[in-house]
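Shared chain: subunit A. Partners: subunit B in the first complex, subunit C in the second.
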Partner chain A sequence: MSDTWIEVCAADEIDEEDVIRFDHAGRTFAVYRSPEDTYHATDGLCTHEKIHLADGLVMDHVIECPKHNGRFNYKTGEAKGAPVCVDLKTYPVKVESGTVFIGL
Partner chain B sequence: MKPTKRDYSLLGRDAEAAVANGLAAAEWYHTDIPRKEMKALMQRSDGPAIRDTAIWLGTMLVSGALGIWLWGSWWAVPFFLVYGVLYGSASDSRWHECGHGTAFKTMWMNDAVYQIACFMIMRNPVTWRWSHTRHHTDTVIVGRDPEIAVMRPPDLFRLVLNFFGLLDAWHAVIDMVRNASGVMSAAEKTFIPESEQPKAIRVARIWMAIYLATIALCFATGSILPAMLIGLPRLYGAWHHVLTGLLQHGGLADNVIDHRLNSRTVYMNAFSRFIYWNMNYHVEHHMFPMVPYHALPRLHAMIKHDLPAPNPSMWHGYREMLPAFLRQLRNEDYFLKRDLPMTARPYKEEFHAEPAVAAAE
Partner chain C sequence: MANFVIVGAGECGARAAFALRGKGFDGTITLIGSEMHLPYERPPLSKDALVAGAGPKLVAEQERYAAARIVVLTRRTVSEIERAGKRIVLSDGTALAYDKLLLATGARPRALPGTPYACGRVVALRSHDDAAAIRAHLVDGSHIAILGGGFIGLELAASARKLGATVTLVEGLPRVLTRGVPAEIAAIVAERHAAEGVEILCGAKVAGVEDLPGEVRIALEDGRVVSANLLIVGIGAVPNTELAEAAGLATENGIAVDGMLRTSDPDIFAAGDCTSYPLPLYGERRIRLESWRNAQEQGQLAAANMLGGAEAHSAVPWFWSDQYDMTLQIAGLADGAATMVRRDMGEGAFILFHLDAEGRLIAASGIGPGNAVARDIRLAEMLIAARIHPDPAELAAPETKLKKLLAA
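On to the complex of A and B.
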């Protein structure tokens, strides 16, 4: 389990099948809401060229980088093929009383 | 002032300078679009690309069949002209859009059309995926962008030859033979990860086998007809993709990090837009590459208040671009500076006021 839970936002601030950017302590994260209404978090920058993934497109369980269209499974962090070759780091997420928390 | 000699090598002086000056992998200008509207524009769909691909390949099939049937008479010529443009030019935009993965919603469809189109346009699908990635990272940054079509000073003879695919195809054959023999060039190694290089070699070997089989069939039948269907259309059908492709960045600024300055949007006829898959909206495509081709007209309507006025026709585009090429023969620092409408956010002048830039109009 994670050491520290950090509050991100109200759960309804993230649209279904969408992503938001969350900055904390000099780091940037991407927090997702899946079509099944589950929440997930990854590092916020693409492993290819450090572009903010929160400007990209969520399709089902995939986030597509807005710059070069590199794709990751945001649930597992798996890079889905060129031009992304390095997986994304994922983080635990929980929702309590309508608020999303990320575990760091 | 003496014009600045540019070094377009990916391993040369200007490549180092671009990194030192912060032009490599820089943060580029984007027009602000509300997230909800951007999401709507980015949405993928199979329908438009399935329709367009059926028309594209179906027309190739019919025109190719009629060309074969009428082979030996002049009546075959118009059918091969159609077949050639669909093979040697439409493949350019299909390669491009499917490489981005935006044409279809279903990924295997993108991948399948990407492989077919890459073969037709003679661009190794691995090499060119990575070179195009760099083109989007460092668009028209000298020493970084491997896809600058018109370098300065322009080689006009080369441009004319490429309307018939001559130099492009020649270099493609050399690259294919080199890759098929297991060798990646030093430049290719700068933008293709090591883990991907064996894939490029494998594709080159498959392609070489196809071309050798086609040549063998020509000898066996005593006719160039097989090559008229496979390989040669890359030459006799190339003219349209060169005609439209030169307009993308030709004559505009280099070493800037605002696509409004180095890319050109041109209004085109419906035929060219079908062949070109709407890449005439080129500023919009570079600014937002995740927007599919079929949504680019909507994107254009949404952000045109922030962009330079588009060229109203290809003819208009050539009328400004060709004189710029001629002036660049004498002064390679010359370029066409784009004016913004009053409604646009200004350029970041600190990146665009280098001392070497002269004669801009």
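On to the complex of A and C.
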């Protein structure tokens, strides 16, 4: 995978244990900051009904979909049980000089 | 090898079947359902899937049942439980032995007595086939009458408007959504429907329904008459308890189970819309929920307890409804509330927190565009489960993060 690094936002624009929406080139992503201050990115839409995850709740390493509480581990993309069964795609993220980048 | 049988191939039965295998059960799992489809999701039937005319949204594809070695018998109705011999009998006369049995028979629409359902112009909505029959009438220019201003009636009204049908909704009580929804939120829902062109008649009791050539005529007690191409009756659901009753199992507004979802027979469990169960968070009050997430959670819990677990159901009741671009979400049971606190969240979205006389948070009801209230309702649910007595001023202030209250 040859990544192109795209700038997302300043690192402090995402609260700890929270998520924001990021749109780029017609695609939409969810970008997370974990309680340990690491950054992660997944596809933006839930694999159950294409609802944006950025309105969801981040608890530890889990993002919970705002629509029907489907859960994913946002570090690995793993679907954690009903009603979601298809994993989320994840993307590499790096932070340089206080700016978050997503590798697409 | 052990035989586990699940009666009712809906959300609950399907989740239980997968959970049994997921928890390492190695015996036979047979999932039996009356409908012709594999288990599918019911919530879409009144929402966007109805508008789109979509096929059933399956809980899982056939391959996943095969991979989990779950035998699904569709179009088969269980007509009898022989508890002494630990067998069930199907309507075609075949019998099947069980070691543990789960009843996940769900609920069916409450019927309006004396109504000519057979004429084809009076329908109710529970199954995919019902939805397909309703969809055929939802065309530009048709007139639909809906009886009942509950969630299903209102969602149907919104979907019918999207397809260009004219809608008259008849509700017997003074307002819509009387069951479990605060008046402030019900008023917003009613206003939105009015703005979308739905005619809502509250306090309107039906005197009679008549099937005439080309139309169905609903006479109201106050003398008004509603003529429509189709009447959809959405006046609630009744639990499918007959099978359990005939087998001598205890019922009480549903198949009565204890906190661990066990019926009065130790080898028979029940879960989902068909059961009533005690809720520890609300003083062990016995309730029956018609809620999708409850069906999933109870299916999974029943599976664990059929395998020898002893965990009690403790989840906070949770429900959502989609109408137009608005979503409503409710966590907890508000009926014992003494005070209410409102949190405004912008763009018209708000949450009402319900506190009991001691100041404990017992419910939260929210409405707003899209998923505006979802995160805070989810956090409220956790606060309710933690039996927290929050500071009302903090709940009211949108800048207070509810997550902080949880950590406190």
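For the reader, a short list of remarks on this structure follows.
In the analysis below, the second predicted complex is superposed on the first by the 102 of 104 C-alpha atoms of A that agree within 3 Å, B and C clash if a C-alpha of one lies under 4 Å from a C-alpha of the other, contacts with A are read in each partner's own complex, and residues count from 1 in each chain.
Basically, a contact is a pair of C-beta atoms (placed from the backbone, for glycine too) under 8 Å apart; a residue touches a chain by one contact, two chains touch by 3 or more.
These numbers were taken from a predicted model, which means no experiment stands behind them.
After overlaying the two complexes on the shared chain, residue contacts for A:Gly56 are found with subunit B and with subunit C alike. With both structures placed on the common chain, the touch criterion links A:Asp43 to neither subunit B nor subunit C. Contact with both subunit B and subunit C is seen for A:Cys85 once the two complexes are overlaid on the shared chain. By the touch criterion defined above, A:Arg71 reaches subunit B but does not reach subunit C. One of subunit B and subunit C touches more residues of subunit A, and that partner is B. The interface of subunit A with subunit B overlaps its interface with subunit C at residues 55-57, 64, 66-69, 82-83, 85. Listing the residues of subunit A that touch subunit B in their complex gives 18, 48-50, 55-57, 59, 64-69, 71, 82-83, 85.
Considering their complex, residues 17, 51-52, 55-57, 64, 66-69, 82-83, 85 of subunit A touch subunit C. Interface residues of subunit B facing subunit A in the complex, by the touch rule stated above, are 25, 38-39, 42-44, 100-102, 105, 126, 129-130, 133, 136-137, 193, 195-196, 288-290.
Subunit C contributes residues 15, 18, 41, 59-60, 64, 292-293, 296, 300, 318, 320, 327, 370-372, 374-375, 378-379, 403 to its touches with subunit A in the complex.
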